[in-house]
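What follows is chain A paired twice: with chain B in the first complex and chain C in the second.
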Partner chain A sequence: MPKCTIDGKEIEVAPGTTVIQAALQMGKEVPHFCWHPDLPVDGNCRMCLVEVEKAPKLQIACNTVITDGMVVHTESEKAKQAHRTTLEFLLVNHPIDCPVCDQAGECYLQDQYMEHGLHDGKTVPEQKVKKRKVVDLGPIMLDAERCVLCSRCLRFEANVTGTNSFEFVNRGDHTQISTYEGRPIAHNYAGNLADVCPVGALLSHDFRFKMRVWFLEATESVCSGCSTGCNIFIDHRDGEVQRLRPRRNVEVNKSWMCDIGRLEYKEIALESRLDAARGRAGGDWQPLALDAALDLLAERLREAGAASAFLATPQATNEDLFAFRALAAQLGGKLDFRVGNPQDKVQVRVDDVLLRADRNPNTQGCIDLGLGQAGVDRILADCASGAVKALLLQGPELLLEPGAAEALARVPFVAVMATHERPELALAHLVLPATVWAEGDGTFTNYQRRVQRIRRAVPAPGAAAPRWEMAARVLRRLGGSFEATSTREAFALLTRAVADYAGLDYRVLAAGGRVLAPGQAGATQEARA
Partner chain B sequence: MASPAAAAVPPALLDKPTVRALQEALGDRLLAADEFRGDLALTVAPAAWVQAATLLRDHPQLDYKLFLDLCAVDWLDARDERYEVVLHVYSVGGKHHVRLKTALPESGAKLPTLVHVYRGANWFEREAWDLYGIVFDGHPNLRRLLTHEDFVGHPMRKDYPTAQRHVLKAPTPWLLDVPAGSENVVVNIGPSHPAMHGTFRVQALMDGETITRAEAEIGYMHRNFEKMAEERTYWQIIPYTDRLNYCSSFMNGHGWALAVEKLLGIQAPPRAEAIRVILSEFSRLMDHIVCITTNVVDLGAITPFFVMFRGRELIYELLESCCGARLTVSYVRIGGLANDVPEDFVPRCRALVKTLRAMIEQGHGLITRNPIFIRRFKDVGVMPKDEALSWGWVGPCLRGSGVAYDIRKDHPYSGYEQYDFDVPVGSVGDCYDRYLVRLEEMRQCLRIVEQALDKLPAGPVIVSDKRVALPPKTEVYSTIEALMNHFKLIYEGILAPPGEVYGYTEGANGELGYYIVSNGAKYPWRVKVRPPCYNVYQAYPSMIEGGLLADAVAIIGGLNVIAGELDR
Partner chain C sequence: MAARVVPVDRNTRPSAMPILVGMGITLKNLVVTVLGQIGLGKKAAATVSFPEEKRATSRRYRGVHILTQREDGSPKCVACYMCATVCPAECIFIEAGERPEKDIEKYPTRFEIDLLRCVYCGFCVDACPEEAIIMSRENDLVGTTRAELIIDRDRLMDRAKVGEYGDGYRPIDHDARRPVRIAALERLRTEHGIVPGMPKRD
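The block that comes next holds the complex of A and B.
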């Protein structure tokens, strides 16, 4: 393994590591524009020039492979001057746009100017080359004047989505980025173009002029849109989520996420969010305090005993599922989760990039916890025959199934945990308001059987409560025990009860999640039903 | 010594008597020593806390008799041990500050009290308990000080949500334990009493006209400046500093800017420093006007107030011409001043000096030899020198008690070493001495201002460092470089290097200190204001016990307790 010295510190690296990667391993960031850890190297921006001993000229750190004994200086006078000069050239035609540019606060030019520039500008505004501004490319917007021609967007289109939407047009000072005939971006990964652009040339239309990024707090979480489980940041301010963006995880989603997942945040604050419990004893809906609602649910479940049925949802976290399972076990009722057969789609890809056919974040968790027991058809049949006296749905999926309405009409008590208002809730007798993924801590298990943490970013509306908490409270009312006052403790209980999850805890999962060993209890559970 | 801790004490520092003395006495319980920007800081094990403080105070070569500040810092997850308790003390003879620190774990944040070593530690430990939840074993009265009794939680902890509110349902009726069936009358002085210049409250148990026991309650103006500082950039904190001692607000900003400049290792240009001195001295003068004239109003004399407040009005107008504001000026910037003074500044100041000089003599003529005041002030509220140091008295109050400590002389800043001026020092430590010290200081203020005007250099009023100072607006609007610079400085602010400093200036009330802890982020990690009148006022209840109620009124006026600085 080659050893090298960067800025006086020695480090040993894997063969093939470039200087810029080696520096990052040491916690040092060499200034750059065109280099990206998940895109092929281009070496066009010339910002990462560093001094390498014995080399006659400065070398670009992104494309210089470490050789044994190499000595690198990233902040020598020559290197610093090169950084400053490169910045000067990049800024010659850069428009004076900061007040109207969303990139402020996460702009490579701004950040690197303060650290590596600090020079006086010499170009007069009238001399700057004018290019196209506010070009509508669908989900993103192009401002060609701000572009530093780093070609990251080009390389993304060529290598990640394979769609090759961008090209350089014109020459010299007038070079611009462009799509063919100015056509909009038509694939599901346009948001990544805005992420990947180091300046404000490509920006998200959804986020445009919404919020200055320095007001945002970033909470680490995982996308709930499909079984891929892309790692994300939830950017929020004062209890409102403003956007989602990808969080780099080399094993799951690299630096990317799809546009469908990106827009999931809009569901959090819809008007249709349920913020209170309600019940109807035959006639109209009556609002209920959550405690009273849980009392009612406990009473009806107790009456039903083993003639109860429980349907979990793969939208729930592992902690939610575990508490739900405990509740079902307490009563001896029938349990399943497979409305619409999500377990068949967990691995199935929709494209070559990220998206999967299973639009649930935690089907694998349901499988691992052995929730596929009675069979959904069997439960529906029991409902239709009147054998089910109380039915608790952890999510509203069953209410949407064709033919379910008839079967449910024969069930004297149907309770559903839901997040949003919908007409199908009229089939239930009790509605409990549940929190969504951004409003609580927990874990999801993705298609790789990787257990990943989600974190609470914003408070839940009104009386909405986490599913695990509601189940635990009902369980205790029924004389059972659930010794956890936080998701962390609930997860600890889970790891003691589910063999594959043994030894995990929130700290262990913190960095990138943890993949469970393949071919374990989960697989056999599925076969059983 | 080959102990493991010896490695944490750099050999170069062992030359310093303080470090050597502690090393010899504590051995490996002296865990670390370092010097940053000229500040010496020593970390000891909690078990050696009292011993170390006592040694600092009593060791003949060290003589750190002046108690300055004791506070806590919450490191949350950044360190193994969550809390740090920090003590600042000063040696008048040795002209040396020192910082003593110890680390406490989250479960078990307890430390023995220092009240028996320094009297002034009393309120500081109560404040650390109130705001951080640190228990001080052996403290005689470990109750909340700045927050009210219905408050839940410890608000300076990093995991306490800033926006949380707790409503106080009813004020505490009794601050004193009054024995049942007692014939003594309990009098509430404040918080809305005109003689309590600001909102503070004292409850006195009276035997006729004599106060037998007194207890103070403060916190009515507590706005938790220090927690707000943790969520603001170094610049954004400047307007908050104005609202500390609001009678001389420019000086608070001056002290803050100097403390941050110390942390950054930069210096404001000479013109800025000279203007800072001029405006600080005018501010000192106007603060003393408030103190003296309101003190005598309480005793029945209204005329000096009307005569001398005209001077305050003129200084307000001067400040307004410089920065647009009269009371809360926000005129300093890190690295200098917000803008240069107007063109007529020098002649205007010279005219002002003449007017103020005449005004001071008028006030002097009304008060100094007036037999009523001499009867009310002389030998009233005597604070002996040693007690004053133990309480942590500074400024005119300390100098009235005979200790010649003035930061402008002993640790000159902003070019004070260039100017000739005297520091008046009393001998008895009574109200009269404190009055005379302030009166003479006003005269000396004008001497300094005149010299500073004579020497006023030309040049920029802000450091030319793009990481600290905003670029000129013409450039901001016409070059992308200056625009980006402006943007970064506004939304990110100045990025101070990781480290900690204690910056101190001679405010109107004495040593105004800012202990700033930086972890390299855009907001400071911790800011502790060392408020000079806090230590002064802490002694007040014990000063008035055994005296007449009328004396209590005479004393409080001369201490110049400003609620904005006291409670923060």
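The block that comes next holds the complex of A and C.
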């Protein structure tokens, strides 16, 4: 293990570590533009020049591998002078249109000018090289004048998606990035281009002019778009989600996420969100207080007893599922979750980057908790034969299944926990408003069996409540016990009941989640007793 | 060190003297003011007959805001949100939209100031990079409802009434102050280790 000294501090690093990585391990950021932890090193921006003792010239920190006994100065007068000079060159043709640029506030040029530059410009705006501005590339807006030619986008396209949409055109200070014939970006990972761009050259079309980033508050969470479980930040302000952006987790999504996941937030604040419970009174809907609705549900379930059936949803968190399972076990009703067989798609990739065929965030959690018991077909058959007296759906999936309507029509009482208004809810007799993933805490288990936390970012509309809470309240009305007042406690109950999850708690899961030891789904079945 | 104690005698005997002194001052002021009002003395009354008369205000008076315009009558504002960011009363609401001109790009489709929340500090004027928001000397705004005093973009740009009061606070000396601002930033960094900006990304 080579040892080196960076700014007077000694550090031992793994062989092959570069100076910029070693400095980061010490918590020191060497200024840079083109270096990105998840892209190959290019070394073109020259911003990360540092002084290495016994080397004749300054070296770039991103491509200088640490050798034993190396002494590096990142803040010596020579290095600082180099940072200032490089920055001045980069800013010569920069339009400095920060007031209208969405990158302002998270821009490497801005931050580094404040930290290393603070020089007066020597050019006047009229002398600057004019390039293409406001070029609409579909999900991305290109402004070639703001570009610092770091080639991060080129390397992203070459190494992550393999689509090679961008190329440098022209030469000298007329160099600019462009797509071939100005064609739009067509792949599902375009949003990452705006993230990797250190300046405002590539910006998200969806986020354009929506909000200045310094107003946003970031909450760590996990994407609910598919079974990959990309780590994300939910950026929100005043209880409204403004955008989602990837949070680095090398073992799950590196620094990326797909555009489908990125637009998941749009469902949160839709007009069609359910904010109150309602029940059928002689064919017509009547609004109900949530407590009254839960009373009604508990009464109907008690009447039905073992002739009840429960369908969980892989959209729910592990805590939701666990409370739901406890409710089903209390009555001895039939239980399953496999509407549309998501369990077969958990591992199936849609492309070579991130997206998976199972568009549920927590199918693996359903499998781990042993919710696949009775079989959906069996439950539907029982519904059709009239053997099911009360059916509780944790999500609306079954209502959307073609052919389910006929069977459901024969069930005297169908209750559904739903997040959004949809016509199929007409098949139910009781509708309970549920929160969506960004409105509650909990855990998802992804395709790797990695248990990851999601956190509440925005408040739920109206009376909408988390599914675990509604299940627990019904359970208590039925004389069962569910000793949890928070998701943290609900998860603690879960870890005691499900063998694979033993020993986990929210603190352990905080950074990047935890992969479960390889077990078999059968093992959890035994623990269920 | 022992504290110094000053004894104060609060049990003075009542006397007519202070009352007479006070009434003397009132009488003197009455004579001086009346003589001034009818043109026989130098000193005039401190009160003015508002609203027929208005008190003179300084050139840098901070009254109701004005949104300045380009030559074509469109707002000079580019919706950068600097004013909304710096506003201590959080009374500025902006919604940005797209402008067809590629070198301007952005402008406010909505720009509202809640004048009931505004503390007239003038920070918005200082923060504006375009001299798009300045202040007038208008200080006698009245309304019968709260909603009336949340004024929108068009009213902020309507300058008809401004002539009556005159322009107030505006950043004529921004460039002159730049070295001062840079020196302040430098001091923040060297003496306190603070670099203004966003927290570090990963």
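Keep in mind that, in the parts below, the second predicted complex is superposed on the first by the 517 of 529 C-alpha atoms of A that agree within 3 Å, B and C clash if a C-alpha of one lies under 4 Å from a C-alpha of the other, contacts with A are read in each partner's own complex, and residues count from 1 in each chain.
Simple rule for what comes next: contacts are C-beta pairs under 8 Å (C-beta built on N, C-alpha and C of every residue); 3 or more make two chains touch, one makes a residue touch a chain.
Predicted, not measured: the structure shown is a model, and the values here were computed from it.
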Partner chain in contact with A:349 - chain B first, chain C second, else both or neither: neither
Chain B versus chain C as contact partner of A:248, first or second or both or neither: second
Touched partner set for A:105, first chain B, second chain C, both or neither: both
First (chain B), second (chain C), both or neither touched by A:94: first
Which superposed partner A:477 touches (first chain B, second chain C, both, neither): neither
Which superposed partner A:29 touches (first chain B, second chain C, both, neither): second
First (chain B), second (chain C), both or neither touched by A:118: both
Chain B versus chain C as contact partner of A:212, first or second or both or neither: both
Contacts on chain A seen with chain B and repeated with chain C across the two complexes: 98-99, 104-105, 110-111, 114, 118, 212, 214
Interfacial residue positions of chain A with respect to chain C in the complex: 29, 97-100, 104-106, 110-111, 114-115, 118, 133-134, 208-210, 212-215, 247-248
Contact footprint of chain B on chain A as seen in their complex: 91, 94-96, 98-99, 104-105, 107, 109-111, 113-114, 117-125, 212, 214
Chain C to chain A touching residues, read off their complex: 78-82, 85, 96-98, 102-106, 129-130, 182, 185-186, 195-198, 200-202
Parts of chain B lying in touch with chain A, wherever the complex brings them together: 466-467, 475, 477-485, 487-488, 491-492
